[in-house]
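One structure is given here, and the rest of the page talks about it.
For clarity, chains are labelled A, B, C and D in written order, and residue numbers in each chain start from 1.
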Amino acid sequence: MAVPLDEAVRQLIHDGDTVALEGFTHLIPVAAGHEVIRQGLRDLTLVRMTPDIVYDQLIGAGCARKLVFSWGGNPGVGSLHRFRDAVTRSWPVPLEIEEHSHAGMANRYVAGASGLPFAVLRGYSGTDLAGNTPNIRTITCPFTGQELAAVPALNPDVTVIHAQRADAAGNVQLWGITGIQKEAALAADRVLVTVEEVVDELEPVPGQVILPSRVVDAVSVVPGGAAPSYAHGYYERDNAAYRAWDAIGRDREAFTAWLTELTAATGPTATGRAAAGPAAADRAADDPEPAGRGA
Amino acid sequence: MAVPLDEAVRQLIHDGDTVALEGFTHLIPVAAGHEVIRQGLRDLTLVRMTPDIVYDQLIGAGCARKLVFSWGGNPGVGSLHRFRDAVTRSWPVPLEIEEHSHAGMANRYVAGASGLPFAVLRGYSGTDLAGNTPNIRTITCPFTGQELAAVPALNPDVTVIHAQRADAAGNVQLWGITGIQKEAALAADRVLVTVEEVVDELEPVPGQVILPSRVVDAVSVVPGGAAPSYAHGYYERDNAAYRAWDAIGRDREAFTAWLTELTAATGPTATGRAAAGPAAADRAADDPEPAGRGA
Amino acid sequence: MTTVTWTADEMMTVTAARSLRDGTACFVGIGLPSTAANVASRTHAPDLWMIYESGTLGASPDRLPLSIGDGILAETADTVVSVPEVFNYWLQAGRIDAGFLGAAQIDRYANINTTVIGAYDDPAVRLPGAGGAPEIAASCREVTVIMRHSRRAFVERVDFVTSVGHGTGPGDRERLGLTGAGPVRVITDLGVLEPDPLTRELTLVGVHPGVEAAAVREATGWDLRVSEDLARTPAPTETELSVVRSLTGAA
Amino acid sequence: MTTVTWTADEMMTVTAARSLRDGTACFVGIGLPSTAANVASRTHAPDLWMIYESGTLGASPDRLPLSIGDGILAETADTVVSVPEVFNYWLQAGRIDAGFLGAAQIDRYANINTTVIGAYDDPAVRLPGAGGAPEIAASCREVTVIMRHSRRAFVERVDFVTSVGHGTGPGDRERLGLTGAGPVRVITDLGVLEPDPLTRELTLVGVHPGVEAAAVREATGWDLRVSEDLARTPAPTETELSVVRSLTGAA
């Protein structure tokens, strides 16, 4: 069942698709994102709760027409400057945004995975998010009369995740912080999973999530495919690479050089190198984002 | 944190309470149910997706005023005759019923655990359940206009479950088929957990559900407290006891004798004996319930 | 040549097993459905993916479970999920190909009653109730009903619609927003019924060896239509019978 | 006696840590909130129950995580749950006592902006956005805001309400159906602000050692009221400082 990553991306992701590359700090499918950049995909609607540097890279490379998200930043470091540049100056292309809270996005995926058209939550009340996003409405409880928030289901054309292991039949196993990956995968029409390794048998692990092979369209073996994020039990988060991204992302020229290097390289083995970059640059003093990210 | 079962029941469950003793074939809190009978609690609204023989016993003992459920039977054996007798002949007391499907009940617990007043599902459409249960209504998706079912949250006064282990701090660990127990516990105002044993440290187990001690009000150590159901990793299901219950439950006299024996005995150690009873009785030929329980 | 004999229940189980295509995801109930699914997985359908409502996905028990939550299901499953997840993420989301249902009553349009015989508020017989059946009947891509044939069970109109079959005829499922195809066959100890493609009325399309259509009509509480191409169910093979008997302990 | 010196950020972190009662369940964000919570758990609040939105319940990291999903959180947690579960079963259900939020802007009524500076459709600065903050601000029993004091950050009215504090004054939270008490204090590098019990307007109730009320008023973009009982924050103890420094690597 395992296919090379470039082939899997070619088969499953097409221009104009709605694509979620999910991961909550852990197991971020970075190598798959880089392959999307290499293949020059365009007009994607990118979806993710926490778009971080690989989304900054996809946006800077001009792959995205729209971003649906709840928190876009470089965790622990600061803002995403390619994302900012696209939103405020349409570089390299204009970026439409649809913005939610984490609770809203999580419940949108849950509705998508559940075959429901919408989800209900206590949320958004009194915020300016509601007024700026048509996809946030209200609904009245038919029993109590309480008014609650409603958000539509999220059903990506393709969800891409990274996992620790798959077996030969294509059953996928991930553990540690598993975030929203199960729901994102089950909500999608097509599912691509990159894994650290394929094993004969998936030995049970506490805290595991299993995605049965029947909901997985392709598995690609990409050791280190989540770097510079981490794969619990395999390798640690490369915090220096996240800090280093700040300087690259801030500067169109530095970014363009990074992009040239990425697209010149072939295949996922180039990923680790390309993502690293120069030494850590401290957060600039004039950066006005919150000291704590709040959540 | 561990308290004797009789004390825990006395502290947490009172006449008139809404009580869910949950368990989906596995880990059914039978010993706790027997203690409720022994303490002579009355006017309870009993809640459970799959009321089985311990609910038949509670109903036959006159503890319940109302039953909220989705499938009431003796799994793999047949009907519950004390339940039937209460519904059709008000013996020993009238039993009001509120009836749902499994999907409806599961989502009612999910809403209860989530602090929402109601849940949405694709369900009940076209069935006579909707017309006979005021707690089944419709709701319209504010995005697509689709009509879906709505059910109110279930928030028991007390949820009782059985688990394999707790630690000294009262954190609870269960695994195997964990059913609806997490949601039932999180939906409740008070939570009583009987466990096979208390250990120093909860060693992680694949497939485990952990209930942090802050959502648990009392832990009682009751080895074998789920018998004749089973505790994964501890003991097997006593299928013969389920079959044997059929003959006892069918007959008011046999049931009354069983009840006398149960209430004469003190404490949970009597449980295993009391639940066993005479040899397996085959399902009577005139029993009209479905050959397969359907689900 | 040996003479093979079998019971009507065995014929019913084998016929139900044959209806399951290999590789399908099947929502399995306890009793006859579970026996049939386990026969299928041991004969022509080794890749049958069995889901029990207790949350076991891809269970492959080495013996028949007595309940939908037996330990053997959890031990052999690909994964065990919570009850909300099996209903929401798997059944409601339309991921299940085949559902198996039993019934106390079924009617001309394959509507199913597992709730009460008689009036709901004053029932003659109180049955176990709905369980997972209403949503299995709604959301599985197709549904097979297995039940013994009798006039008491096969009625003009069920006393209580626990699970919707084809409602009152063509177009009802669509009107009700039910996403699956509903009951596509009813397998009994006498034969096989299928909804007429146009009228959705259950029609006798097959009889088991030794059974005549007249006997089936006699055991049905409405004026049962009989297909012009009435089939004769092939007798159970020795392999099928030995598998059934090894599972049910009747070997 | 040794002379202990500290930075304004250290004073802010220590003050925030002190605000956390032992045994409370605290929803922790990365950055200053995480540092403060980890200081608290190492000093007066060993039973602080830290929840990170990545799904780690009861985490007790032995070093400061850089992100809300670092491996050290999963390894040390009582349990790890899915993201929907942490938001629905824990936060929304009202099980969290204390929430910590940062902000790019905060206003007179403690409303919080982490979305944009300027107009939403044509922002001067695009910020990371909401994350978990709107529902933390709505559902935690109480909220503490930690942020550095400046006229740019403390504004009359935030450009965008990402998370509701006290709206436009008394009664707004109740009208909006927000179940928690909202921001009960704002801790900065200069002092501590609390909403006035009657007007809900943020009022200076404490200043850190060496800071005068006038300086705080100067760093605030509205006419900041000063409490008549203005407190002076006790200086950090040596223990507090050594814990902060061991966590931040400034030891």
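Just so we're on the same page, contacts are C-beta pairs under 8 Å (C-beta built on N, C-alpha and C of every residue); 3 or more make two chains touch, one makes a residue touch a chain.
Fair warning: this is a prediction, and the values are worked out from it, not measured in the lab.
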Co-neighbours of chain B and chain D resolve to A
So which has more C-beta pairs touching, B-C or A-C? B-C
Hey, how far is the Cα centre of chain C from the one of chain D, in Å? 58
Taking the mean of the CA coordinates per chain, how far is chain A from chain C in Å? 42
Just give me the whole-number Å value for how far the CA centre of chain B lies from that of chain C. 27
Chain-centre distance (mean CA atoms) for chain A and chain B, in whole Å, is 41
At least two other chains touched by the same residue of chain B: list those residues. 115-116, 121-122, 146, 182-183, 207
Any chance you could list the residues of chain C touching two or more other chains? 79, 88, 92, 139, 179
Looking at the whole structure, which two-chain pairs count as touching? A-B, A-C, A-D, B-C, B-D
Enumerate the contact residues on chain A facing chain B in the complex. 115-122, 135, 137-139, 141-144, 146, 148, 150, 152, 204-208
Touching chain C in the complex, chain B uses residues 24-26, 49-50, 69-73, 75-77, 79-80, 83-84, 87-88, 99-103, 106-107, 109-110, 121-129, 132, 146-147, 176-180, 182-183, 207, 230, 232, 236-237, 239, 242, 288-295
Would you pull the chain A residues touching chain C in the complex into a rising list? 113-116, 171, 182-183, 186, 210, 212, 214-215
Footprint of chain A on chain D - complex, ascending: 27, 29-34, 53-56, 65-71, 73-74, 79-80, 82-84, 87-88, 91-92, 100-104, 112, 114-115, 117, 120, 122-136, 138-139, 146-148, 152-153, 160-164, 167, 172, 176-179
Would you tell me which residues of chain D are touching chain B in their complex? 25, 49, 57-58, 78-79, 88-89, 92-95, 139, 179
